[in-house]
Structures are given as structure tokens and as C-alpha cells.
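Two complexes follow with subunit A in common, the first pairing it with subunit B and the second with subunit C.
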Partner chain A sequence: MTATAPTLFDDPVVPPLRRILNSFRGPVGSISATLVVTLLVGLIWVGPSFFSPSNIQIVGVSVAIPLIVGVMASFALLAGVVDLSIGSMVGFGAVVFNQLVATGMNAWLVALITVGVGVVVGLTNAFVIVRFGAEPLAVTLGMLTLLRGLSQVVVVSAPPSTLIEPLYNVTQGAIAGFPTLLLIGIGVTLIAAGIVSKTRIGRKVQAVGGDDRAAARAGISVSKVRVIALVASSVGAAVGGILYVGQLGSASNVLGTGLEFQIYAALMIGGYSITRGGVGNPIGGLLGLLVVAGITNILNVTFTDPNYLDLITAIILVAAVLVDRFRGGDAFE
Partner chain B sequence: MTHFTRGRLARLGLVAVAAASLMLAGCSTVGSTSGASTDSATDSTFTVGFAVGGQPDADWQDLQGEVAKGLAEQRGWNFVELSNDNSEATATKNADIFIQKGVNMVMMFNGQPSANPVIAKKYADAGIPVVTFDIAQPGWYFVGVDNATAGTDGGTALGNLAKSKWNCQVDLVISAEGTAAGQINTWRTGNARDAVKKVCPNIPEANYVSYEADGNLTTSLANAPGVFAAHPDAKNILVVGLNDQAVVGALQAATQLGRDGSIMGWGQDGGLITGANVDPHLAGSVMYFLEGYPAEAFKIADEIAAGKAPAVKDTGTDPAASVQPCPVTAAQAAAIPNINDRVSQLAAAPQGTTEYDLFCKA
Partner chain C sequence: MTTSLITPADPAAPQSPGGAKLRRPDSRGLPVSARDALSITGVWALLIIATTIVRPDFLSTQSLLAVTFTMSISGILAVSQAIIVISGGLLDLSLPVSLILSAWATVTALNNGLPTAVAIPIGIVTGMAWGGLNGLIVVFGKLNPIIVTLATGFGGLAVMLIFFKSAQIPSTSELRLYGLGRFLGLPNIFWPMLIVIVLGGLAFAYTRWGRRLIAVGGNPSAAKARGINLRRMRFASFIGAGAVAGLAGVMFSAVTPSFTPAAGASFQLIVIGAVILAGISLSGGKGNLLVLVLSVGFLATIPTSIAFFGLAPAWALVFQGALLIIAVGIDGYRLKRTAR
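Let's turn to the complex of A and B:
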């Protein structure tokens, strides 16, 4: 039997170890190295207690919900439609869940209703953006304001307290010393990463975000992909709202305010782009959030002025953008 | 230079920026004394954890932390401070950090108290006593002003001004509400409104209007123009509200709209009645000396540190410590030092002194 020579379009055979190492090139490599530095600084500055179970629990609990919301929102980013309404959707989802549970309704049923609200919000965003070709930034900014307003209409005084023990235990608990909610968040991230890199739908999402006209010419339904991505984004935010109620035992009308900036800053640090679709990987998003959460924790446990957090996050964000440009931007991807 | 080489350099650059940023922050550790990075669990010195509110436009919240830090230093205690950042999620995380640090007690102002039941559960499980300012929570020592009296005092003073200046001919009484504060809003805003009615009983009921100011200047300034637009003929206007920020938001809106020809407001808390930039239409306020609340809280802390924890009094009607309200006109307030000087004077005063003792008794 004679071996056939590789054609121009065959992927070159790469050893598994080399393939793993290759995956750390680009943004994921940069952010991995940044995370390692962050952990080292934490170890030196805070001491061994930085890696104590209680501290890992604090970091894990604080990062898990933004992670789940961010990973789901990243599908919209990949599809080239930024969804600015996720923070308000988290808040509104939490308000809906909290208020309905307080009336005595079954928590599972209420969770289903809350997810349904997320679907409706996502479809509304998608309808205006896809059907009328409206600018996603403007539409989702409008939705952000609308949902925040609705939260304030619903919650006009002190919100009811709804400490749901099983949900509280999931959001605050640990399995083998590791925060349960973070494990769930990592699971969601890995599934999302698998969908993005290993499935046809993932490649379609990237193709639509990268160049929607080319994707359409290749027979991909751009509208369908963007509708699904925007619904996934809103549903992720609604689930985040439910989890926040579990964690906090209530939901005020300001819950989730500014969360969209926190999440998108971390996603951009992790290699996503607000203005360019088709770029980024959920693993990068996870690492970006862990870097920000790690820095936050270092500042918190050393009781450093919290205002420095915004300063540091901004510096790293700008650096990440410059690194992206420096290494070639689109040409590199 | 190839992309590969540039990429390597870029990655190194990002890592360097991360490290440099953290080191930069490390040069400026604030809000802690006596080696805050040392776990209190391994240190027998009494440690106070202090969570400031972190609400925007509220300098007094940061200054509460300054006062508390000074009082802890007076006693030779450890002091660690975090900001709740006006977020219930952050307040909950801060509770975990204080518990991890093994503090002996916590003092806090939480402007988003919806998570307080969860936070209370965490502290109760850890056996850490908590002093809360102004917002009551079962199981926590409550330190706050007598809100009902404060509301009545402010409304009475404003009503008397309307009587002397306008013979109670008032076209509009605006209530800048902060409904999220619940009963506190009812006491402060509602009682002030009732007191105006009592002094000037002939003001028609239709002349009383309310809007949501949410207890902050930004929201108040954004929402107040609607009230003025809905009452275009109103000339003599009174404003009461949850706090100084809410009231000043309405007064500034009136100025922006050219409706400030005949308007007077009376605030609550005294946050904006002293200093160089007092709104000229803010006729007075009820000063609580908010930044000085820790002075009351440390009286409780002294007993806890001495091993004689007092019985928990956790309601506004039966507080662990009641802060005396101090109604002042703008002219009287001008004689009171600004907030930073008050903090300095309180820090220099003998242990147990309050700002009411220093600035209101006289």
C-alpha cells in the first residue's frame, strides 16, 4: 500500500501534546499566563491562605454566576451581536423569581416561568435586531433600560426574603472542598467550548460572527443562528438571576446593575471582541473571569482600597486589546 | 518581526501589565490598621470588621470607615474595612471574607439590605456579633437615629418657614420618596409631610405630590422634572424627602428648569447642609452626623470586647443606641465644621464623645 501525499486542504498531522500546546497560543495563552501570574502574586502577597478552601470558596461563589451568564452571552458575541441587556435580565429574572416564590408558588414552576421570561426577552431582542436589521447595541441598550425599569416597577419597597434552602446549599455549598456552583459553571463552560469548537452549530455561529455575508453565501441561515444566540444569552441571564436569589435570599431592584460591564470586560480580557464576531472561546472567558476574580480577591483579603480594582481591570483590559492588535488581530485568528 | 515573535512579546506584555498592576495596588493598602493581612484567628487582639455602604454621592459612608478606624486605633484594636459597593452580592461576599479573617465583630451600613437575612445567617453560624446602622435586621445591634422624631422636626421647621414667609400659601409640597427604605421612608418623609400639614392645615390635599428619588441625588434629579412639568403654575414650593440628596435633587431640578424663584427644601441626615457648596434653596436639615455613628457602635464594641456583650436590641423602636437628631437651619449649619473637620475633631475627643455632644448641644 502506498501512502498518498497530503493535499493542500488536509490538516497537517500534529502530535497530541503539540496540539494541546498550540491551543494555548493566542488569547487563551495570554490569559493563562496572566492567571498564573495572578495566582503567584496572590500566593506571595496573601500567603498560603490564598489557596485555603474557604478562600477558594469565596472566589468560586463570586465568579460562578457571572461565568454562567458570560458563557451563555458569549454565543451572542460569537454570532456578532452583543447583548448589553444581560445585567438587567439577571436582575429582572431574579426579581420575577423572588416575587413569585414569595407568593408561595412552587419554586420549580417559578424557575420555569423565569426561564420562559428569558426566552421572551431574547426573542424580542432577536426580532428587532434580525427582522428589522436594527443595531444590536442600541436594541439591547433599550432592553437594558426597559428591564431595569420593570424591576423598579415591580419592587417598589423592600423585596421579600425567600431563602430557599436547597438552592442556597447549591449556590453556597462545596463538593470535595470545591464550590459546587463553580463546578457547575466550569461544566457549562466546557460544554459550551465543545459546542463552539467541535460541532457544526458552533462553527456556524463563528462563521456568522466572522462574516455574515460569506456565511449566508455558504448556505448558513444567519437569522436563525443569531436568534438562537440571543435567546441563549437571555436564558443564561435568567438562570443567573435564579441562582442569585438562591445565593442572596432575595432580589432588590438594583441587582445585576453593571454586571454586563464586569462580564464583558472579563470576556474581552479572555479573547472575545465586542465589535468583531467569530472571535473567542469560552475557555478564554473562564480564564478572564478567574483573573478578575483572583485580583478582586487579593485586594479584598488584603483589605486594599477596592477602587484599585477598576483601575487594574481597566489596565489589563486595555493591555488585552493592545495585545490583540499587536499580534495581528484578525490576521492571527 | 514575525507574527509569532510579536505574539510572544505581546503575551509577555500582558503578563507584565497584570503583575505591575497588582504591585501598584500593593503599594497602597488602605482601610486597615495593625497588620490587617494577618488572620485575626491567630491574633488575640480584638478585631473589628467594618463594611462601608459604597453608595455613590455619599461621602459620609467612607468617613464612617475613617471614624471607625480612628476609634479602633484609640483602643489598640485591629481594624479591617471593605466596601459593600452598594451591592447585595458584594455585601454577602464581604461577610464571607470577614468570617474567614476571624474578626471579633462587624459594623456595617448596607444600603441594599435585601441580602441581610442571608448575611445574618452567615454571621450567626460564625458567632460574630453585628452592629447595623440605620437599617434594622433581627439579631443585629441597631444603631440609628430616631427617624420618626427627625421627620416630624424637619417638617415642622419647614412648615414654620412657610408660615412666616408665605403665610402658608403653598402651591406644591413635594415628597422626594425613597420607598426601598420602607418604614424609615415613612417616618422621615411621611412624618415631615404630616408636620407641614399640621403647621399649615389649609394647604389643599391636591397640592401634595410624591415621586421616587431613591435616596440619591442622581435619581432625584432625573425624576423631579416630571413633577415640575405636571404643575406648571406652582410658585411657592416646599420639598421634603428621605435625605438631603433626595431633597437637593429636587431643588437642583427646579434651578435647571428656572422654577426656583420661590422654593424651599428641608433635608434629612445633614449630608449636604454643611461645607462650601450648600444649595441656596436648602433651608435646613435634620443632622444625624452620619459619619459619627461608629462612636455609638464602639460603645457596644467596648462591652463586647470586655466579655460583657449587651442584650441585642435590633429594632428602630428599641435600638441598641439611638442617635440624637439635630434640626438646623442653613445659617446654623454654616457654623458647624465641615464633615472632614468633624471627623478630625471627633478623633481627637475623649473616648465616648459623640458628634451631637460636640456640635449640637451648644
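Let's turn to the complex of A and C:
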């Protein structure tokens, strides 16, 4: 699970301890250090109650949905196409799901429709980006606005509230003291990490993101990989929307606004890059999200102005890309 | 891809008359910028005609005022964004902060009894300082401007939210009265926008700095080989763009009786959309400010048209988003075709 560049051939045999240490030398190492610092600050400032089960539950519930959305979106980043529309897609997915469930339709069918909407949005992004070679950032910025507009068209005033028993249990429940949703999120992360580092598909995605021309010469269908990555990103966001409805019992037309910035900041802190593909690992993304969630929690518990969170995130983000550049990442000019 | 773009890398090289930066003829012999101008004017005319057919009262002074009013601040901000994009700085995502910070500085100066002639430069200098901060991080950190301005964008908004909740301009100040007034039938603030666009367009075409900016954006290594200092140019482009955004902030404070730190967010998309729609490619080195004023006008007409069609205001977002997607699609397709 190294976060360094993928090797096409088998690595030379390295002793297990060395291997573990090596895996901490990349971005995952610096982000782990940041996480440890965050936890220490929490322990000193907040006290032992920082690690109390109820507090872990709060952090876990707040981090789980961004984690699932972020891990799915990280495939697009890895393939070298950034998808800025995920925040609006979370909101629009939630609005579609909530409104249709409120009409009395079967929740499973509605969930399927919502995922279908995610597929359509992902395919639209992919069509313009891959077929016409348009700038992903600009296309998905357009999609961000379009979906936000649609949410506001559908939900004008107060949205209906819905309570779906099984979904509520999943999103708010706990297994052995750990929030169920967080366990699901970690499961998704581990599966994604396995796909990225151990399978042919994962290597193809990394290759396409790293150098699409070389990947094309190696016989990889660049378009296919990018289409799949963009659809995965949108579908992940749609699922995130459904989970938010389960958690909140409703969906307003501003749900998910700015979520993409939080998620991408966390992913970049975790070693991803929004300007070049092929780098990053879902584990790093998980750690990045935990750092941001940890800081949020410290600020909440100590009743600090939540605006400091965005400021701290911004500083960590710049520091993270700076560290990445010193480590050999692309320099701008 | 960029090598196929003919870029005037030499600032001293003779420039074709008319000032169009890229007279890259297409199959019909029209320069690309002229074709862009024609197509945007066409779509704009279609929108106006369609709205007029549905609601004949659309063609009124009231609509004209609404559209030109919307155009004013977006237009100045679009020039600021265009300076960054043309010079190869990709995008400045922190423009909303730039706008509100300058507006806040202007208003604060006025509230402290400073004369208008001092308050306006304070606003512009604040914009320059903000641009300078972004430029410093980009140049000395050698970091990608999109990431840097993404971070300074939400970090800056957070700082503003910590320091002020809302700002009011003194209702009897000269600047406020200026913002309420009209000149030649159009809102006062429309004219500074026009002047900025004309001056900006002339500066890009005829001054040494302007041509150097285009050169740096179009082909950095060629520009460097010609002895242009890339880092100094990049820093200067951020300061210059900041000054323009500062002016937008001053105008914004003149027309807005009270604003919150988050008030700038709504400009983000219309500005980026206008720049891309105008054919100012994100790959840098090309663009025409005349086309920019047309695309700002077109995008500014959409909300008014939506209102006349009797649709909810949110539809404006849907249309602007869809248009941006189509515009970048066309831009990408064109780049792909010329690369072949």
C-alpha cells in the first residue's frame, strides 16, 4: 500500500518492517504525523473526553459520508480529471431521493433512480470532457452550478421530511461502539485502496492519470478509464446524498454546498493532486479527512468560531502541496 | 498543443494593425476572435428576440438598466480574471474575496470619515495587496495558482467572517450617491467597466507589458528564452489583476447598501463563465477583451430574461451552468481540431 509511484514490475523483496516504514515515507507519512499532532492537540486542549465514545461517535458520523463521497471522487482525481460537481451532486441526489420518497414511492426504487441520475450526470461530464477534450475543471464547475440551480428549482420552500427506518439505523447506528456508517466508509476506503494498489484496473487508472499518452501507447483505453472514473465519482456523490437524507431526514436546496472544497482539501492534504493525476491513495484521503474532522471537532468542543476551521484547512492545504512539491511533485513553472 | 498557437513571443515584434492579438485565420478567413464575437452576438440576439416574442415589454429601459447594472461589476471582475487566465495563471478562484475585501476597505475608510478621494485608492490598493499575497505564494512556493487561490479563497472568506459580519456604506457619502446615479441613461458604474475593458484591451495589444503577459501565457519557455522574467511577470499579473478587482470592489460598495463577507460568491461563476465563453482559453496566451464584454453582456441578460419568462430565478443558474459546459466543450473541440 505504498503511496509512491506505481511499479509495473514486482518490487525487490523487502523485509516486512522496512516495508511498513517505507510506506510512511510518502504523503501518507506526513499526513499520519499531522493526524497524530491533531490528536495530541485535542488531548491537551480538550482533555481525555476527546477520546470518549460519544465524541468518537460524533466525529465518525460527521466524517463518514464525506469519506464515501471522497473515496469515489478520488478515482476521478487519480485518472487526471477533477470533478468539482460532487458537492452539488450530493445535494441534488438528496433532493431527488427525498422528494420522490415523500410522494410515497418505494425507497429502494427511488434509491435506484437516484443512482441512475448520478450515472447520467457522470456520463454528461465524461461526454464533454472525453469526447471534446474540454477542461474538466470548467466543465464540472458548470455542472456544479447547473445541479445547484436544479435543486433550487425543485425545492423552493421547506422540503418534506422523510424517515426511512432502515436507512436511519444505518446512518445513525453503532456496532460495538463504532458508528456503523464510519465502518462502512472505512470498508469502502480499504476496498478502494486495494483496487488502486493491487489490481490491474487500479494500475490502469494510475497510468492514465500519470501520463495519458504513455498509457494510450501501452494499449490502455484512456477514454474508457476516464468515463468510468467520472461516473464512479458522480454515483458516489448520489449515494452520499441518499445517506444524508437518511441522516438528516430531509434535504434542503443548499445541502452539500461547498462540500467539494472540504473533500478536495482533505484529499489534497492526504496526498492527491487536483492538477495532475496518478498520485494519491485512498488511505491518505481517509487520514486527510480525519485530520479535518478532528480539527472541526476540537473547535466545536471548545466553542471556537467555526470559521477558524476553514482558515486552518487553507493553511494546511497550502503546506501540504508545498511539502508535496519539495518531495518531487510538479512545480508550477 | 500550445506549440500550434502562434504567439507574439517577442514584445518588440511588429503587430498587425487592429490590435487583435491572434489573427489566426480559420477556413473562412475570419480571425477566431471575430468569429467568437459574431457567434456570441448571435446567441445574445436570439435570447433577446425570444424573450421579446414571449414578453413584448422586455424591450424597455427597465431591462436595459437591469442588464447593464449586472454587467458592470461582473465585467470589471471578468477583466481581472482575464488578466490571470491570458497570462497563463490558470484561474483565480479567490476573486470573491478580493472583491469583498476591497469593498470592505473602502466602506471602512468612508465610515472613518476619510474623503472619497482617499477611500477609493484604499479599496484599489487592498485589491492589489490581496493579489500580491496570492502572487507571492504562487511565485515563491512555485505552486499551482488554482490550488493556491482555492485555499486563499476559502481561507480569506473565513478571516473576513471572523472580523466582520456585515458592512454598510454611509448612505449620504459621495460614493453612494455616485452608485445610485445615471449617466447617459445607463447606471454610473457601467462606464468605469467600459473604460476598464477598453483600456485593458488596448494595454494587451499595444503596451510592452501587455504583450509580454500574452507571451508568458502562450509559451512560457519561449518567453523565457527571449529574456522575459517569468516570476516577475507572474507576480505583476497578480498585482494588476488585484488592482482591477479592487476597482470592482469600490464599485460594488457604491451600489450595495449593506453586504456580508459571503456576498462575493455569486460572482464566481458568471465571471469564469464569461471568460471561457469569450474564448479566453484556460491554456493561456489568447483572448480578446471585446469578446469578453459581449459574453458578460450575454450572461448578464439571462437572469433578466428568466424573470420575464416567469421562471424561478434558480433557472438562471441552470442555464448559466449548461452554457458554461457547452462553451468549454466547443473550446476543447476547437483546440483538439487545431492540434491535429
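As a working rule, the second predicted complex is superposed on the first by the 319 of 333 C-alpha atoms of A that agree within 3 Å, B and C clash if a C-alpha of one lies under 4 Å from a C-alpha of the other, contacts with A are read in each partner's own complex, and residues count from 1 in each chain.
Criterion: contacts are C-beta pairs under 8 Å (C-beta built on N, C-alpha and C of every residue); 3 or more make two chains touch, one makes a residue touch a chain.
Here the structure is a predicted model, which is why all the values come from computation and not from measurement.
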| item | value |
| --- | --- |
| If touched residues of subunit A are counted for subunit B and for subunit C, the larger one | B |
| Partner chain(s) touched by A:Ser252 [first = subunit B, second = subunit C, both, neither] | first |
| Touched partner set for A:Val61, first subunit B, second subunit C, both or neither | first |
| Partner chain in contact with A:Ile201 - subunit B first, subunit C second, else both or neither | neither |
| First (subunit B), second (subunit C), both or neither touched by A:Ser49 | first |
| First, second, both or neither for A:Val301, with subunit B first and subunit C second | first |
| First, second, both or neither for A:Gly29, with subunit B first and subunit C second | first |
| Which superposed partner A:Leu311 touches (first subunit B, second subunit C, both, neither) | both |
| Touching partner for A:Val321 - first (subunit B), second (subunit C), both, neither | second |
| Contacts of A:Val156 with subunit B and subunit C, given as first, second, both or neither | both |
| Common interface residues of subunit A - those touching subunit B in one complex and subunit C in the other | 152, 156, 305, 308, 311, 315, 322, 331-332 |
| In the complex with subunit C, residue positions of subunit A that touch it | 124, 128-129, 132-135, 137-139, 141-153, 156, 258, 261, 264-265, 268, 274-275, 305, 307-311, 313-315, 317-318, 321-322, 325, 330-333 |
| Interfacial residue positions of subunit B with respect to subunit A in the complex | 3, 6-7, 9-11, 13-15, 17-19, 21-26, 28-32, 36-37, 39, 54, 80-83, 85-89, 92-94, 96-97, 99-101, 112-115, 117-118, 121, 179-182, 212 |
| Interface residues, subunit C side, partner subunit A - complex | 91, 137-138, 141-148, 150-152, 154-159, 161-162, 220, 230-231, 234, 269, 272-273, 276, 282, 312, 314-325, 328-333, 335-336 |
| Interface residues, subunit A side, partner subunit B - complex | 25-26, 29-31, 33-34, 36-38, 41, 45-47, 49, 52, 54-55, 57-58, 61-62, 152, 155-159, 161, 163, 168, 244, 247-255, 257, 291, 295, 298-306, 308, 311-312, 315-316, 319-320, 322-323, 326-328, 331-332 |
